[in-house]
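Common to both upcoming complexes is subunit A, partnered first by subunit B, then by subunit C.
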Partner chain A sequence: MGAGLEKLAALREDPYAPARSWKERTGGKVIGYFCSLAPEEMIHAAGALPVRISGENRVISKSGAHLQSYCCSLARTGLDMALEGELSFLDGTVFVHTCDTMQRLSDIWRLNAGFVFHGDVVLPVRFEGDLARDYEVKELSYFKERLEEYLGDIPDDALAESIKTYNRNRSLLSEIYGLRLENPGVLSSVDALTLAHSSALMEKSEHNTFLEEVLEELKSTGPADGSKVRLFGVGSLMDQWDFLGMLEAVGATMVDDDFCNGRRYFDALTPEDLAPVEAVAARLWERESCPCKHLTKRDRAARLLDRIRRSDARGAFFFLFKFCEPHGFDYPYLKAAFDKAGIPSLLLEIEQGSVSIEQLRTRVEALVETIKI
Partner chain B sequence: MPVAGVDIGSLTAKAVVMDGNEMIARSLIPTGHNSREAGRRALELALEEAGLKESEVDAVVATGYGRLAVDFEAERVTEITCHARGAHFMHPDTRTVIDLGGQDSKAIAIDERGKVLDFVMNDKCSAGTGRFLEVMAHALEIELDDMGELSLGSKSPASISSVCTVFAESEVVSRVAEGASKVDIVAGIHQAIASRVYAMAARIPIETKILMTGGVARNIGVVRALEAKFSREICVPEMPQHTGALGASVIAREKAAAAV
Partner chain C sequence: MSDEGDNLSLTQIKATDQMKQLMVEYYIEAKTTTEKPICWITSGGPVEFLIAMDVIPVYPENHGAMCGAAKIAPGLAETAEEMGFSRDLCSYARADIGGAVKQDGAIPGGLPKPDFLLCCNNICGTVTKWYEELSRYFDVPMFLMDTPFIHTTKTKHATEYVRQQCLELVGFLEKQTGREFSLEKFAEVALRSVAAVELWKGVLKTAESRPSPFTCFDAFIHMAPIVTLRGTQQVVDYYELLKGEMEQRIADGIGAVPEEKYRLVWDNIPIWYAMRSLGNLFASNQACLVADTYTTAWAVDIKIDDPLTSMADAYTKVYLNIAIDIMLDQLLGLMEKYQADGLVMHSNRSCKPYSLGQYDLARAVTERTGKPALIIEADMTDSRVYSEAQVRERVEAFIESL
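What follows is the complex of A and B.
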């Protein structure tokens, strides 16, 4: 493991270290967000640092008074961190209306977490039709105005510059994922996902430097162990590094994924030939979607199966947060499509803070045995 | 060339010794707190019955949750694969296996060769497992082994709506206080288990023949309740608790043959 990768790997333990030191160094504002559909480039162009908040493995204490036990652990542990003062490096937070929990969490957060800036981005439920597109651009323009009131003007050329920096990051991650498809042994599943996940935790141009270094290193690495069973991961956010380590230990590797801190985070580039706000809108529209945005004209199962085929994965695992409604609703339909296509799959439901790796190991091993025998 | 399979479950450890196509010995002991020791002891007992020394066995496969803990030389295979193979060995026309063990329950869809097609397992909750029945037997002050026969006499099973072991126990206590008979309560408990297992198993294709394995298969009340729920006959093998160990020994036999 090179020095760059080692530094990024350390963020698995202390994800907000870069945000805290950036704030100390620059005196700038840090804006947190939960959903990867947040228009990060706008926050970046305003000179602030966008940082993804994704909860953590912990037993909650204070958030239990605000959220029912059937809310996902992302919401419950994330709010708990805020109420415990552990996110005090944040100056504000942005919520994208995706699921009901996130919509309600936004208001509970606004009323209880005590950050100066609070933004809501209410994107269309379906990214389809002219009306929805007009609305999306207007909503993003309105959000930009709200940001400007707090952070100061966001000139078009600054936004265009941020878009370039972000696109560079997306291209680099895409290239690294591509190298792994060819030669998965070159980088473990844990490290590959760490590269994408860490992108949302630090200043983008700084992350680009890390990625460039890692990419150079990977390019000079020869063919690595290719004997592991190739699997495809599906879900919202994957932050269970021990699970991915176990996956490798039982002879499997995640060659590609549909996680919003993995492939979906860097999927699609923001067009650089459109007016900047329209460009941001265009990418969110085109980007591979999670079940929060159901698209009648895009068959999610067919798209996932196509990526499974292209990644030469022999099986798939659904890694879902308990009580995650959108992903839970989509599961039976995806499972039926995977079965029909002959892709063996496994459903794993977890909650941050109570993941039992040993129980999951038996299931994963059984899937691997099913594929191998 | 004799081979052995050892299945270390949460409540019991089982071993099976096979020679050729025949099972020649088997053992079953409580797992206790030390699964490594239990696995070793189960293997020793089965070997003793077979009149063999450990060195005379060509291959051993360990399975069950204690499979990683064993200290004898053995290949490790999950209980899901082993149950599938064991079920197929006993009844080759089996396409669905329902295994209700000490602390977990699972449903496995298998093909005509005994290969796993799909499976589901209970999560962290022990409702519908042997442990659940143990708690209920204790609450009702009856013997675990008597529950099955007892429940068959019920004309109106009590309603047990909770699927949580802890809450179901208090529900059972409430039913006793309301004056429900033990017979009806036990029948209600079996129905609650059947509903829960059915809901889990519905996630995989249920083909014609269901084979039920694991310690709970010895409870005829649960078997009947499951038959009613699935609307099909459920076959219980002669030694349901040994299915995993048997499957492990079938795999061991293949490994030994491949090594020659």
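What follows is the complex of A and C.
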């Protein structure tokens, strides 16, 4: 393992270290966000650092006074961190309209977390048709104005520059993911996903340099052990690194995924030949969509199956947060489609802070055995 | 409808029979029609368009409430759970999906199959997912009326987006029904809708008097027509009748709760299967639930001179589509108008947009008014998570503290 990859292990332990040190170094503003549909390039172009908040494995203390126990752990542990002052490096937070939980979390956060800036990007739920697209562009322009009131002007050329930096990052990640499809043994699932996940935790150009190094290393690595059972992961956010480690330990590897801190995060490029705000809108629209967005013409099951086929995965696992409505509603239909296509799958419902790897291990082993037969 | 929900006032509301008749006739027509198309619609959806196009609207949520009251919702939900729908998902959706598969429910044979679907996400994002499933299951088209959530500002571009979607909806309905939309007919329907909403507001207002002529448990039952059939003449007639009866009660000094001593406001969807026991519990402690945030949700304004813009506006700013600080203002308004002594909140594990934020609201209400708030943990139709003994104990302790 090269030096680049070693850095990653530290990030899994202390995900916000790069943001804190960036702030110390530059004196710039750090803006947190929960959902990967946040228009990060705008924040970046204003000279601030966008950072993804993804909760963590902990027993909550303060957020229980604001959120009921039937709320997903992402919201509960994220709010808890804010109320405990652990996110004090943030100057503001941006919420994107996705699910009912995030929508209410935005209100509660605005009223209790005490950050200077609070932004809501009320993206359309429909991701189809001219009306919704037109509204999306207007809402993003409106958000940009709010952001400018706080962070100062975002000139078009700065935004165009940020778009390039972000696109470079997306291309690099996609190349690394592609390499793993060919030669999965070169990089473990944990490291692969951490590469994507960490992209949302660091300044983009820094991350680009980092990815370039990693890519060089990987390219010079010869054929590696390819005997592991190839699996595909589905869900919202996957931050259970121990789980992925266990996966490898029982002889499987996640070759591709549909997580919003994995493939969905870097999928699709922002067009560089459009006016910048329209370009940002265009990518969010084209990106692998999450179940919070309504599409009638793009069938999520068909798209996932296509990716499963292309990655030559032999099985899939759904890694869902308990109490998550958007993913919970999609599960039965996706599972049925996978069954029909002969892709065995496993449903794992988790809450951050109470994951028992041992319990999950037995079930993963069973899946791996079924596939091997 | 079930016996559970028939009459929750200790004194019989006479209009109940008419309401039942109205609802029975409506369901019979929906079940037997051969010429009118059926559209399943969400409770916050713009039903006026369907009425104007002679489409029969069918409300899975209303049916869900009926199944809850009849205590058959958990059985239906189990069917959906066997299909892989988690027990943590909205129980209206689970019961409805299960009911569709089993062709069963609170009306014989379950709801009539939809020809198409109209989903408006002004109440939650859950309905979008639920209707997507219905659209796959029945293989029928779905129209999503997307009403951007209002956090701090209601933007012009959001209102315009919704207004344009109203026009798009017209096109969708014309295609589905093969009929032409008539603006004239639509205006008539909108007028009747406004009239019915005004009358409904009038009914709710009668609860301002002491003693209150009805409790919110009665309102939950009598709201069925305003939700399902507003825009029709029968609904206007019905609420005229009900309002008259309530006014007569005031004149005669009849209260819904004998010797009303405490006045309370209810928040969230009713606990349908426990309405009678809760009604009795509050009444026997001389407490009357005089108002609630649920039935007032249908008290929206539509302006006749520009029905489309005002409808887009009204449908966007409904109670569940606004931030909790805006909700708080409305809640405080209700507390004051109805001279409430306290607030009872149903923390409903099925409904996140209604329930998340209640802890903050409860604290804010007490801070601002000095009045206490009680939070009951339950589910609107899934009685498997309900503990009657615990709720009884908490309600009694709460009333004692007043």
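In this text, the second predicted complex is superposed on the first by the 373 of 373 C-alpha atoms of A that agree within 3 Å, B and C clash if a C-alpha of one lies under 4 Å from a C-alpha of the other, contacts with A are read in each partner's own complex, and residues count from 1 in each chain.
By definition in this document, contacts are C-beta pairs under 8 Å (C-beta built on N, C-alpha and C of every residue); 3 or more make two chains touch, one makes a residue touch a chain.
Worth saying up front: this structure is predicted, and the values here are computed from it rather than measured.
> A:373 in the overlay: touching subunit B, subunit C, both, or neither? Say first, second, both or neither.
first
> Contacts for A:65 in the overlay, against subunit B (first) and subunit C (second): which applies, first, second, both or neither?
The answer is second: A:65 touches subunit C but not subunit B.
> Name the contact category of A:99: first (subunit B only), second (subunit C only), both, or neither.
Only subunit C is touched by A:99; subunit B is not.
> When the two structures are laid over each other on chain A, which of subunit B and subunit C touches more residues of subunit A?
C
> Going by the contact rule set out at the top, does A:349 touch subunit B (first), subunit C (second), both, or neither?
Both subunit B and subunit C are touched by A:349.
> For subunit A, which residues lie in the overlap of the subunit B contacts and the subunit C contacts?
Dual-contact residues (subunit A): 335, 347, 349.
> Would you tell me which residues of subunit C are touching subunit A in their complex?
83-86, 88-90, 93, 121, 124-126, 128-130, 132-133, 135-136, 141-142, 144, 146, 148-149, 151-152, 155, 157-158, 160-161, 164-165, 168, 323-325, 347, 349, 352-353, 355-360, 377
> Using the touch rule from the top, collect the residues of subunit A that touch subunit C in their complex.
So the residues of subunit A touching subunit C come out as 65-68, 70-71, 95, 97-101, 103-108, 110-112, 120, 122, 124-126, 129, 131-132, 134-135, 138-139, 142, 291-292, 294, 296, 322-323, 325-326, 328-333, 335-336, 347, 349.
> In the complex, go through subunit A and note every residue touching subunit B.
335, 339, 344, 347, 349, 354, 356, 358-359, 362-363, 365-366, 369-370, 373
> What residues on subunit B touch subunit A, complex-wise?
Per the stated touch rule, the residues are 65, 77-81, 115-121, 123-124, 203.
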